[in-house]
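The block underneath contains the structure these notes are about, expressed in structure tokens.
Letters A, B, C and D mark the chains in the order given here, with residues in each chain numbered from 1 onward.
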């Protein structure tokens, strides 16, 4: 079975079940959103998928290979890259230096065989940062920082990309750009997107899983989800009812 | 900081990437030479211009300059506050003393070995202390430093706390020179100093140096990018130790005497003082700090015995209000270029 | 055999002395993430103040009561007027504060030297123990009453601190203050005042240990610096910021030091460091420490 | 010396300005500069001042000049650190043009300065540092010591104790060079005279604070006395703890010179009252030299001299007399090779307040006697009561520079 397969993933902090028996199957190239109100356990889920947090139970397979419980580095090597919600960019390094660091890592583990400089240019262009390469990250606009987030994740040469609220806090204009850029990502790249903003979700994803209090409410295509009463109740209600 | 950023023109497009990033990583940048060469030139004139005392003082400045700049590879470049730089100063000094006095090695060999030894010791300690971060790291290094100090006092073969005396200086008879003469030894130190600065600078802009800078900016991110940061952190620690050892090897020859004091956490603290006062964000900050520290202390001694008060207060003020240290101040006054003012100045 | 018991008593006494020295240090860090390297300075100020009060009033108890108030006030001012504003201005709460207080340590030691040598003309001093505790009680062999007092005081202070933090509103607020300052603010509490209060509390404890040490050991300008290393070994062993850890750490260090000195003097000087290294290998965050964050 | 600042660019200007400020006593004609290096800050600050007071009394008695040269006495703070001592020595030699270095308390600092003395060919006359190595093994023609050596003093005390009927002791000292040297010296005298050392305990330097284990051990082994070498803070601590453990009655705590030093008394809470102390000087001595010194000191400072003052005085007299003779012998000029100063002063026999003082072959001061005193409650505060004078010990064979 290729792609990402998650089965019965659970995590509790003390008495609170943050994620309960979470299932997800992601075929190569699929764009999948995980949505849900605050505290639904989205970020916890991401932390487990990217190896920052060990699940209590359940399995995470990538191309049939069990990666559960491995550290972030190992999982990165397995072809999963993530972006962060809280800004952990290299504040005092330039865009160029940041991307170089990411690509250098990919090259070290053999994920990148081609010319580093060329790849750097390609990714920068894809995320429309190619005119900002010399800028210090701290001096970028907020939207540009979010673009750099994605760019850095891409530079890991992943087959599966986990994006943690890439649009959080962006202006409508920045959001539009982001949707456009995400739409333009290579087709063979699987994408898991945690996002509050529905424009982004519906603009980018072809499948949606709705989490509420750590449980999956529904997992289906956008249309179905939009029309699901439970979802309206649980979540979308606020914005779409 | 990864001071390539202060010294190199920043490109505006991908077509001409900054040198040293995609290239061999061995270009120090014009700004670096623009500062190093004049500094060396000025220093070189001192023995000619002045009496013995200035010469001696500047020998100390250069030795502490090496010590502090090495420490800054850890502090400014990686963001780790190490409190045991003194231990490596001591390692280098003691190894030089033992190798020359007990084993009769030629001084140059002893020096080389001393540097290697200090680096090796740092590597070993690093494996332990780099299991921690931030505050824990600071405290652990402080404790490890004291362990060395304690050991040096207890070991009777090396004279315990009385230390060892009569350490020879580099034999330059081949050149018809006598290093016992301070102005000759001054030149020796000057050469080593320049070499050390260049080596450190190249390390700073090398791939390794950039990765270290990445760790400073966000270790979380580095790990999610797939870097095993522990190894790099240990290596960076070893680099600091290496140059601490070099400073020690020079100090042993300069003073012709070593004792456990070199390893006290007070010495490590003074090294930190120099780095902070000089400024961590500019490659030459620590050297400036050493210059200021040695001269100011020498001058203060003629005014008051209470130099602790002055330096303590100064340290507090610099940490509180002058993040960029002296170099930051200079950076804002001297026109080192708008582009960098923010970075060097720190407060921007 | 009875000597072994006495060595245990000695070990316990040293442990409690170390605990008193370290507890304030660990609290300020544990509750507000500020590493106060100048802790030893407040300890010394407490000792000197204790000496003055003691020699003026002739009463140890007055010294113990009044002297620690000075470091307490100084601590409050330091946190409220210097450290907090800097933190608010976005300075690194860990390293910048550590470095700043380190400079402060140098400064205070300098002042102490100036005052004690140039003005008071005392290089060495002691706080006179109260008549009640000056002598010794005979438990099989004569044993210093004051040491028993130190053991008692250590345990008492430990309990007090534990109760304050775990069992009172103040403690709850303080613990909340670090995690989410917002919530605490909405409760209408000035977090900064609370922090300054905690800092002052830590310095008060430092002052108390200073007075006790001034009576059991002695007072001079080197005392501020010389407790730094033992203190930090205690807190690192026990786990930074954990009161329980500080207590256990102190006992581990105190016992190790005393027993090695009594039965294996050859390694006495290293024993603590060996211990520390072992801990590092097994449990870098210390016995009761929270695992450190990624960066 | 420095060229004018204007001709010195950049960083050096700073150095220059520092330096120019750094030379108070430049080239008065026919003046000779003596650098007195003492730990004015740190735990030996009081001792440093005591030594200086003694030194200045000597200078005063010479009318501030030797052989027509005005004596400029420059004091430098070694901060009790050997490395600082080195730096200050460089300053005194290079910037202040000092002709002689004197003083120093810590052994490490003294050994460091001995190295400087040899390399710079400048006399160094140690005032207080005890390390045997200083004048022993290193065999340095530019170095002399006016105080005493650890092993000679301690062996004298050891011998006296054994002969006065103390049979079994435990010893305690910090685990560092001086500690070991002192105890070895004591053992040589004590065991040589038939005493038995039940256990030698060496405590970690500076980390101790609790002497319980040592005191316990003494009781456990049934020692008749505890002989120690502790100074400053640790001396205060062990004296207080020894009393608190109720040992004052049955197992006396003994030590030479440092343990019951007068400057520590205020911190000892009367626990030193009744203790037996071994010292190299006490104003209770009634020799003419001592009486004269006591009178002169009291006249100058309005208080009674203590051991530190006497040793500072001896150091001053030796340096000044050595200088005077060296200059006179050289026809009124300061000799080119100032080793002459050492040669002259080591040939002297001083009528020291400590008793007749001469120098042995390794340039080490040798006195006839040291003194046993008891600390008693005097009418105005604690005081010393003279008990006995005992012969000074045999110095370890050093090196013969004759």
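Assume a residue touches a chain if its C-beta (ideal position, glycine included) is under 8 Å from a C-beta of that chain, and two chains touch if they have at least 3 such contacts.
These numbers come from a predicted model, not from an experiment.
Listed here as common contacts of chain B and chain D: C. Comparing mean CA positions across the assembly, the chain most remote from chain A is D.
Rounded to whole angstrom units, the spacing between the C-alpha centres of chain A and chain B is 42. Chain centres here are Cα means. That of chain C falls 36 Å from that of chain D. The geometric centre of chain A is 47 Å away from that of chain C, both derived from CA atoms. With each centre defined as the average position of its C-alpha atoms, the distance from chain B to chain C rounds to 33 Å. Of all residues in chain B, those touching 2 or more other chains are 150, 153-154, 218, 220, 223, 306, 308, listed in ascending order.
Residues of chain D in contact with two or more other chains: 41, 175, 204-205, 207. Contact with two or more other chains is made by residues 113, 269, 294-295 of chain C.
Contact between chains, as defined at the top, is found for A-B, B-C, B-D, C-D.
Partner chain C is touched in their complex by these residues of chain D: 41-46, 175, 201-210, 212-214, 216-217, 219-220, 232-233, 236-237, 240-241, 244-247, 263-264, 266-269.
Listed in rising order, the residues of chain C touching chain D in the complex are 3, 6-7, 9-10, 13-14, 17, 113, 117, 122-126, 128-129, 134-136, 141-144, 146-147, 216-223, 226, 230, 257-258, 261-262, 265, 268-269. Residue ranges of chain A in contact with chain B, taken from their complex: 50, 52, 71-73, 76-77, 81-82, 84, 88-94, 96-98, 100-102, 104-106, 108-109, 116-117, 120-121, 124-125, 130-131, 133-136, 152, 155-156. Those residues of chain D whose C-beta lies close enough to touch chain B in the complex are 1-3, 7-12, 14-19, 21-22, 24, 40-41, 76-77, 81-83, 86-88, 90-91, 93-95, 107-108, 111-112, 114-115, 119, 131, 133, 138, 175-178, 180, 204-205, 207.
Only residues 1-2, 5, 10-14, 17-18, 21-22, 207, 210-211, 213-214, 216-218, 220-228, 343 of chain B touch chain A when the two sit together in their complex.
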